[in-house]
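Multiple structures follow.
Both complexes below contain chain A, partnered by chain B and then by chain C.
And now, the complex of A and B:
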C-alpha cells in the first residue's frame, strides 16, 4: 500500500489524540483542580500567619503563594505514564504495542505529553486564577509571565521523559511503584515543591542542584516569581542538559531492558 | 515472491529467576547476583512458509507457538539460529517489518478502548503511514467485507467481543499486510462470530494473496483457514503436513462419551477404540473415515437404553499426544 505520511506524523497524531481525549478525563481534571484549590487556600492562610511581621524572609507570603501555585501547576500536569506502561507490560498488551511500526517509548511519551498538555492548559488557568485571587495581585507581571511560562511547560516535558524512563523499568521490575514513590518524594524535597530551595540548609540546596528536580520546579518558578532573567536562563540550560541526558539514558537502557523482558515472554 | 518466512535451527532459551532463598545472607546474595533457571521454549526449530500459504502452528500450552510468533514479528530475539521474514531480520528491523505485517494477538486489543472505532482506525492510518486516499478506499472496502459500517461511530468499549474482533481485523488489514499473524484470534468468540472471522480472513487471504500464520487451540480455525499444519511440542517441530493428510489421520476422529443403563459394554468394531471402559460409562474414539458417526451412534443405541450420549472432536491434546507418540516410535 502506498505510503506518504512522514514517520513523525504518527507521534504527532498520538499527541493530538490524547490531547483531544481531555473530554473523557473531566472528572480526573476536576479532582486535580479541587486539590490545587484546597492546597493553595490552606497554604495562603498558613503563610499569612507564619510570615506576619517577618521582614527577614527571602520571599514574602504572596511570593510563596505564587511559587507554590506554579510548582503545583507543573507537578499536577504530569501524566502518570509509568503506570500505563507498567499496566501494558503486566497485562501482555505490550506485545500488541511492540508489533507496531513505531518506537514504543516515544509513542508512550507523546501520548502522555498530549494528556499533560491538556492538564497544563486547564490547571494553568486554575493555578494562576487562584494565586491571583488569594494573593490579590498578579505578581509575576504579565510580560514576565508570558516570557517565562514556556519554562514551566518544558519542565513538564522534562518530567515526562523521566517518568517514561521509569515506565521502561517495568520491563525489568514489572512493578515500578517503588520507583514512582521515590520519584514523588524526590520532586517534593529536591525540587522545592512547597518551599523554595533557598529556604533549605546550604548543603541540601547544593546537593539538590546536582539533580534534575530544581530545573523542573525551583528555578523556573523562582524565575517567574522574581522576574529574574538569569534564573530563567539557568533553568533553560539545565532543562536542555537533563533532557539530552535522559535521551541518552533511554538509548542505552532500552535494548537492555527489552532483553530482560524476555524472561516473562513466551 | 518465494519463501516469506524462514526459520533455521531457531532456539529460544528464557532465563527465569529462581525463587529467592530464605535467610538474610542468601537473600542479599540473591539480590546482587540473582540465580536463574534456563527454560528452553524453542529447540532448533526449522520452518519455511511460502508466500500466500495459510499455515497453522499448533501445539499444547507451552509448546512455543506464541514465542515463535513473537520472534517472527521481531518482538523477541532468538537465542540462536537464523530468522528471516520478508527478507528482513525481524529483531533488527522490527519497525520497518511491522509496516508489512499484521498481527492479531488473541484478546489483546490494538484499538483505543475509550475512542470510537473510526478514531482508532484513523490512528492506524497514521501509525502505518498511509495516505488519506488509500486509507479511505481500503476502509470502505474492509467495512463492506466485515460489515462494520454501523460500528464505526461506537466507542470500542461498547462493542461485543465478536464486533470488536471484526474491528480488530479491519485494523490489522488496513495497510494490506503481506503476512498476517493470528495468535488465538477466535478465543472467547461464539460459534457464529468464529465462523464469520474464519470466513473473512480466508476471503482476504485469497483476494490479496496474503500469507497467514495462525496459532489456535481450536481445530475449527485450523480446518477452516489453513492448508498446512505444523505441530510443535516442547519447542520442536513434530509434524509439517498438508491439512488433508493430517485430517484423515487425526481430525477425522470423533469422541463419543456414552452413559448406559447397562453395566457391560459389548460393542466391538475395527473403527472404534475404547479410551475409557468402565461399568455404565465409556469413551469411544470413532474413526469417521471408516465408520460414520451416525452409524456409530446407531450401534451404541442398539446395545440397549442409554442415559446420555455426547459427540465431540478429539481434543487437540489427544492429537498432540498421538503425534508425539508416533514421532517417538519413528526414532
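And now, the complex of A and C:
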C-alpha cells in the first residue's frame, strides 16, 4: 500500500522551493539592502546631531540606531504575498489553484514565508553589519542577540499571516491595494517603525498597544536593544495571541469570501 | 513663443486627462496627501523630544518637507513622462515622438501626468502655509524656490534616464537613484559632514530640492538665491545636452504607433 505523504510535506516543499528562488530575486534584495543602508546612514547622523543637543529620551543615539535597524529588518523582510494573491484572483488562475489538493491560503503563506526567510537572512546580515559599523558597538550583546533574535523572525511570521488575510480580501474586493496601503501606514505609526512608541504621546502609545503592530516591531526591537527579558516575554505572548487570533479569522473568513467570489463570478 | 504654447497645450491635455476620472483622481490625490502627513508625523514626534537640529526647528523642517513634496508633485504632474523615459529609450519607444516636428524631450516629458502628484502639491501648500504663511510674501518665495527644486529633480531624472542610451537595463537603477535623491532631500543637511554635503550639492543634487531653498528663506542672502537658480539652470542644460547627445545614438524599436 502506498504510504501517503504527510500533510505538512507539501507545504514544507513550497517553503523550500520559494526559499531556494532567492538568487532570481538578487536585484530586488540588493535594492532593499541599499535602501536600508541609506536610511541607517541618514539616521545615524540625525541621532548623533540630535543627542549633541538636549534630546529628552530614555534611549541613547546608538540604541535608536539599533532599534531602527531591527524594525526595518523585520519590515523589509516581509514578502508582498497579498499582491500575488490579488494577481491570482484577478487573472482567474485561482480556479486551478483552488482545485489542487491543498489549502490555498496555507500554500500562499508558506511560499511567502520561504521568500521572507531568505530576505530575513540576507537583510539581517546587512542590518546588523550596518548598525554595528555605524554605531561602533554590537549593542544588544551577542548572547542577548542570539536569544532574542527569533522574536524578530516570529514578527515576520505574524506579519505574513496578516498580509495573507489581506490577500484573501481580493476574493471580495479584487483590488487590495487600499488595504495594503492602510497596513503599511499602520505599521509605520502604530508599530513604531522609525521611533520607539515611548516617543509618542501617551494616548497614541496606549492606542497602539491595542493593535498587533507593537508585537511585531516595538516590543521585540526594544527587548533586543535593552536586553530586557520581561519585554521579550511580553512580545512573545502577544505574538502568539495575535497569531492565534489571525488563524481564527482565516477560518471564519475563507468560506464567506469564497462564496462571495463564486457569486460575483471573479 | 509657439513652443511655449505647445508646452501649455500638452500640459493642459494631460491634466484634463487625469482629471477626467474624477473618483480615481480624488482617491489618488487624497491617498497621497494622507501618506505625506503620516510620514510627516515622524517630525512632529521627533521635535517633541528634540528641540532643534543644529539650529533647525520644527518650522524649518515643515518648510523643507513642504518644498520637497511640492517639487516632486510639480515634476510628476507636469513632466510625468520622466518616470518612463529610461524604458522608452531602452525599448525604442521614442520613435513616435521623433516623427513629430517638436522637441522630442519636451514631448516625452509632457506625455504623462500623475494624479497622485496633486496630493503632493496640496501637501506643499498646507505645509508652506503652516511654516511661513502666505501674507508676508515668503510663502510666494517658497513656491518660486519649489519650482526651482522641481527643475533640479526633473533634470536629475533626465540625466539618469539618458544614461540608458549608453548602458542597457538601467530603468530600475535610475528610478532607485531618484528615490534616494528624494529620501536625502527630506532631512536637514546639517547632520552630515563636509564630504557627504559636498556630494549632495553635486553628484546627487538633493540639496537644491529643499535644503538650500529653506536656507535661502532663513538667511535671505542674494548669493544663495543665485546659487540655487544657477544650479537649476546648470542641471537643466546638462540634462538637455546629455539627452541630445544620446539621441544621436538612439536605435529605433521599429514601432508603428499613433499618438493621439
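The criterion applied here is as follows: the second predicted complex is superposed on the first by the 256 of 266 C-alpha atoms of A that agree within 3 Å, B and C clash if a C-alpha of one lies under 4 Å from a C-alpha of the other, contacts with A are read in each partner's own complex, and residues count from 1 in each chain.
Simple rule for what comes next: a contact is a pair of C-beta atoms (placed from the backbone, for glycine too) under 8 Å apart; a residue touches a chain by one contact, two chains touch by 3 or more.
Since we're looking at a predicted model, the values are computed, not measured.
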Chain B versus chain C as contact partner of A:136, first or second or both or neither: neither
Which of chain B and chain C A:92 touches, first, second, both or neither: first
Which superposed partner A:31 touches (first chain B, second chain C, both, neither): second
Chain B versus chain C as contact partner of A:7, first or second or both or neither: first
Intersection of chain A interface sets (partners chain B, chain C): none
Residues of chain A defined as touching chain B within the complex: 1-7, 9-10, 12-14, 17, 21, 24, 91-93, 95-96, 98-103, 259, 262-263, 265-266
Touching residues on chain B, where the partner in the complex is chain A: 12, 14-17, 36, 39, 41, 62, 64, 66-67, 70, 73-77, 94-96, 98-99, 101, 103, 105, 108-110, 112, 114-115, 119, 122-123, 125-131, 134, 138, 175-176, 181
Chain C - residues contacting chain A, complex: 31, 34-35, 38-39, 41-42, 45-46, 48-54, 172, 176, 180, 183-184, 187, 190-192, 196
Of chain A, residues touching chain C in the complex: 27, 31, 34-35, 38-39, 42, 45-46, 48-50, 52-57, 178, 181, 185, 188-189, 194-195, 199-201
